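Once you scroll down, you'll see the structures, which are given as structure tokens.
Here chain A shows up in two complexes: once beside chain B, once beside chain C.
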Partner chain A sequence: MLPLFVAIPLGVGFLLPLIEEFRERTRLFAVTVLLETGLLLALSLVKFGEKSIYRLGGWPPPIGINYVLDGLSSLVLVVISGIAFVTVLFAMTYMSKYENLGKFYGLFSLMLAGMYGVALTGDVFNMYVYLEVAAISSYALVGFNRGAEELEASFKYLIMGAVGSVFILLGIAFLYGSVGSLNIADISVRVSEVSDQSFILLSTALFIVGFGLKAAFIPFHSWLPDAHSSAPTPISAMLSGVLIKVLGVYALSRILFNGLNLPSLTPQLLTWIGAGSMFIGGMIALGQNDLKRLLAYSSISQMGYITLGLGMGGIFISQGKPAIATLALIGGLFHLVNHATYKSLLFLFSGGVERIFGTRDLSKIGGITRVSPVSGATGTIGTLSISGVPPFNGFWSKLVIVIAAIWGGLYPIAGIVLFTSAITLAYYLKVQRELFLGEVVGEIADKGKISPGIYVPLLILAICCIGLGLLYLPEIRGIVLKPAALALQEGSEYTQLVLGL
Partner chain B sequence: MSGMSPIVKTVTRWVSPFILAFGIYIALTGHLTPGGGFPGGVIIAGCFVLLTLAYGKEKVDGVFSLKSASVTDSLASLSFLCMGLLGYVFGRGFLNNFIQSGFPGKAFELLSGGNMPIINVAIGFKVGGSLFVVFAYLALFRAIEEE
Partner chain C sequence: MLTYLLAFILFAVGLYSVINKRNLIKIIMGIIIMEHAVNAFLILIGYRISGKAPILEKGTSVTEFVNSAMDPLPQALVITSIVISLGVVALMVALAVRLYQHYGTFDITEIRKLRG
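Moving on to the complex of A and B:
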């Protein structure tokens, strides 16, 4: 069943442009993609928690490509499908006036196929191929509006993404040269037997830079604010909500934790890269006046939390503190799920704001709660969750990360997390003051009416923001997040699943 | 007059059928000799690129238009996917070689590879179509720039 996750979006992705060559059927395209994402969401929920592998073409693992479904990939599948479904629901109304929608939805489906492939595959080179499928479709989607600014952002993203891909490909080449296998589970068995570890270290460094470019860690982040703020709104939500996580953090941690068995010093490096991204991204976001750019810098900052959680997990694993390591990994993955929900909520909300006022400049607009109470409320929930205000989900994942840092004795890290949390609150309070509260400022285009097609997806995501806080409860956490954390922590479990050793 | 000089045109007219045939050969025998769908498709696209350069794109548009290249591209990828999904129909899983009975097939025998030749042909069409689309769009933008 697992190849269907790739096959369905791939089929839709090629079918829609084919139909468009003969007839422009906007409604049909949107409904097809909605059905597709709905089906995939149902499939990923049915498959959730299952542990299985699929041998592509019937070839056994070290030679053939295999798809692996374990705790981590099933969590990521649900996140991808859920956000994609809501985004398409939003795009049905939001994008309906655009042209070439067959190509838009086709590229969207191809991007989905690439992400599902990265999430499922157990082969490093196959992962690279899917990564390129997702990345190249996203380059095209960023420039979809074809304005000068959009094309510039798209080109910048293309160049930076291509450099990142080359680093990853080089890393794979060195790894294959020294280990002699491309299967992640097989690599983890063979990697300790390699006599000359220097090539392994080199490829680890290349992977961190390459995937770091895809995930926009702080020295490699310069493309992200342009790309994520110029893309059409549903695509911004997909890019910030899912793509950077799957292509960057998920792929990197899969290779580092499950494949290379955490080479020494990499967890420390990841932790400090995470802390740096978190802090610097937050500081830059503080000075932004364009709503979408602010959200994009905030994405860099929030990705820092996820990386930091995973890196700390790695540190505790190497220190021999498995219980705290699990907690730190759970914190990182919990934050991944949370950030996917509230960041896509906020990006979709910013699209709604742009519809109402015709601009995203925070100094020129205000009083959205008076114009459209429902979308104002959802936006408030989004900003409160991302700043970590107690009843909402963002608070709980940050709490888990801080608890793990303190229990593990990494007090400076805990301090940075808390301080960045305060910065996050500060710049979202700025958004609150400028955009939500007070009198209506700015010209209201479209009579300020927001149709249900726009606010229903926002409402769904806002409810998720409140409901996902429940994942903090140990019972629910044990079912949803713990298997995912253990999949990273217990490398032998993964090897056993794939190779049957 | 569009296109290049009569010398180039004549040489192209002589050479291009052979290039096309070579591309088809590479794609068709990909499972037996070095090559395969991708290199074959690149050579096929190269043939049409050469024709476009020599004769101008108006002339080639009558033979292999942008639209038909794009349709070829999509249809070929869909047929590749169908070959993969047919594995399910025959109960042997995605992309399984459900036609071939024994492994390995006979050396240098075209039909001993099961579904490999079919998949290679699909890839050949896909790569040929999409590479030509990329080239044609670049030529199109160039033409707009020059106007």
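Moving on to the complex of A and C:
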């Protein structure tokens, strides 16, 4: 069953551009991709919580490549499939005026195939290949409109992404040279027996730089605001909601936690990178006037929370406090799920705003709630969730992270988290004031009509934003998030699953 | 040891070119140089002085083969990574051509419609 996650989108991604050469069937393409993502969503929900491995070609793990489904990857699969399904639902209406939709949906499917591959594979080099599949299709998708700005953003993203990939490949080369294996589980067994640890540390540093470029941690973030604001709206939602998480944070933590058994000082480094990204991204977002750029900088800031949660988990593991470590990891992963829902909601909403007013400049527009009450309401839910207002999901995940930081004695970290929360609230209050409340400002380009195809996906995501707060309850958290956190924490469990030791 | 160092000097040359050059084509060439440096390094990891090609012939015992042949895995990795870098380079060149059509220049400091 596991290879289907890669095979289905790969096949669709190959066929659609081919069919388009002979016949332009826009509606058919959209429905095909919707069915594909719906099927994958169903499949990932059925498979949720299952633990299994699949050996490609029947070769046993240390020799052949294997796909691993454990708590963490099943959580990530559900997030990818859910966001992809809603995004395609939105794109069916939103993208219908564009040309070359066969290529659009083809590249979209290829990107999905790459992300599923990264989430499932248990082999470092195979992960690099899937990462490149997802990254190359996302470079092309960012420049899909072929305007001057889109091409510029795409080129910038491509250069930074290519440098990141080269660093990752160099890291893999050092890892293979010193450990002699590419299988993540096998690496974790062999890595402690290596006499000279300096090359392991070097490859860890290269991985942090390489995946940091993909995940847009703060010194490496400069491509993200351009790429995310220039891409077509459904792609912005996919990039911000899923791609940077799967290619950046998930891949990095899989290698560091499960493969290299957390080399010394890396958890501290991750925590401080997370804290820095969170704070600086938030500060820059305060000064933005373009709605999509503001959302993009806020993505950098929110990615900081996720990284910080995982990094703190690592610190507590190395200090020998397993219970707090689990809580911190749960906080990071909970925030990953939450950020995927509300950030894609807000990006899709910004596409709707652009449809109505013809611009995204916050100083020129206003009064969205009067023009379109439904999309105004969903946008409000999104902004309240992301700024951490109590009944919505963003509050609960931040609460878990703060509790873990205080319980574990990392008071400065808890202070930074709370302060950044206040900054987040500040810039989303600015959005509230400029965009939602008050009289209608600006010319209404599309006569204020928003079709159900635009607001139904927004409604689905808004309901998710409210409903996902339930994950805070210990019973539900224990079923959904705890297996994922334990998959990172208990490295031996992963090794046992793959190698059967 | 010297060959390893040469691979790293090549890598540094590529990185310098990506960071410091203003011409799009030179930046693309920098990426290509970096990718080739890493490929050369991967090949060097599996290299063995006066080693044989990693093909198991009839009549050779497995232990003798293991002690004399080169490591085939890095070679397989390099072929894959060359194919990937071909795709990346093709996309980069296509984008550079499109950018030239829009801006009439390859100078990165003049291609600046987006604010940082």
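Side notes on the structure shown:
Basically, the second predicted complex is superposed on the first by the 501 of 501 C-alpha atoms of A that agree within 3 Å, B and C clash if a C-alpha of one lies under 4 Å from a C-alpha of the other, contacts with A are read in each partner's own complex, and residues count from 1 in each chain.
We adopt the following convention: contacts are C-beta pairs under 8 Å (C-beta built on N, C-alpha and C of every residue); 3 or more make two chains touch, one makes a residue touch a chain.
What you see is a predicted model, and the numbers here were worked out from it, not measured in a lab.
Partners chain B and chain C, brought together by superposition on chain A, fit side by side with no clash.
Of the two partner chains placed around the shared chain by superposition, chain C is the only one that A:A153 touches, whereas chain B remains out of contact.
The vertex angle at chain A, taken between the C-alpha centres of chain B and chain C once both structures are aligned on chain A, is 40 degrees to the nearest 10. By the touch criterion stated above, A:G57 is placed in contact with chain B alone, chain C being left untouched.
In the superposition on chain A, A:P3 makes contact with chain B only, not with chain C. Of the two partner chains placed by the overlay, only chain C lies in contact with A:L170; chain B stays clear of it. When chain A is checked against chain B and against chain C, the one touching more of its residues turns out to be C.
Within the superposed three-chain model, A:G143 lies in touch with chain C and out of touch with chain B [touch as defined at top]. Shared-chain residue A:D186: touches no atom of chain B or chain C.
Within the superposed three-chain model, A:E434 lies out of touch with both chain B and chain C [touch as defined at top]. Contacts of A:E36 after superposition: neither chain B nor chain C is touched. In the superposition on chain A, A:P17 makes contact with chain B only, not with chain C.
Closest C-alpha contact of chain B with chain C, superposed model: 6 Å. Every residue of chain B that touches chain A in the complex is listed here, in rising order: 67, 70-71, 74-75, 77-78, 81, 84-85, 87, 92-97. The part of chain A that touches chain C in the complex is made up of residues 125, 128-129, 132, 136, 139-140, 143, 146-149, 151-156, 158-159, 162-163, 165-166, 169-170, 172-173, 176-177, 182, 222, 226, 229-230. Taken together, the chain A residues at the contact with chain B in this complex read 3-4, 7, 10-11, 14-15, 17-18, 21, 54-58.
Chain contact summary for the complex, chain C toward chain A: residues 11, 15, 18, 24, 27, 31, 34-35, 38, 41-42, 45, 73-74, 77, 80-81, 84, 87-88, 91-92, 95-96, 98-99, 102-103, 111-114, 116.
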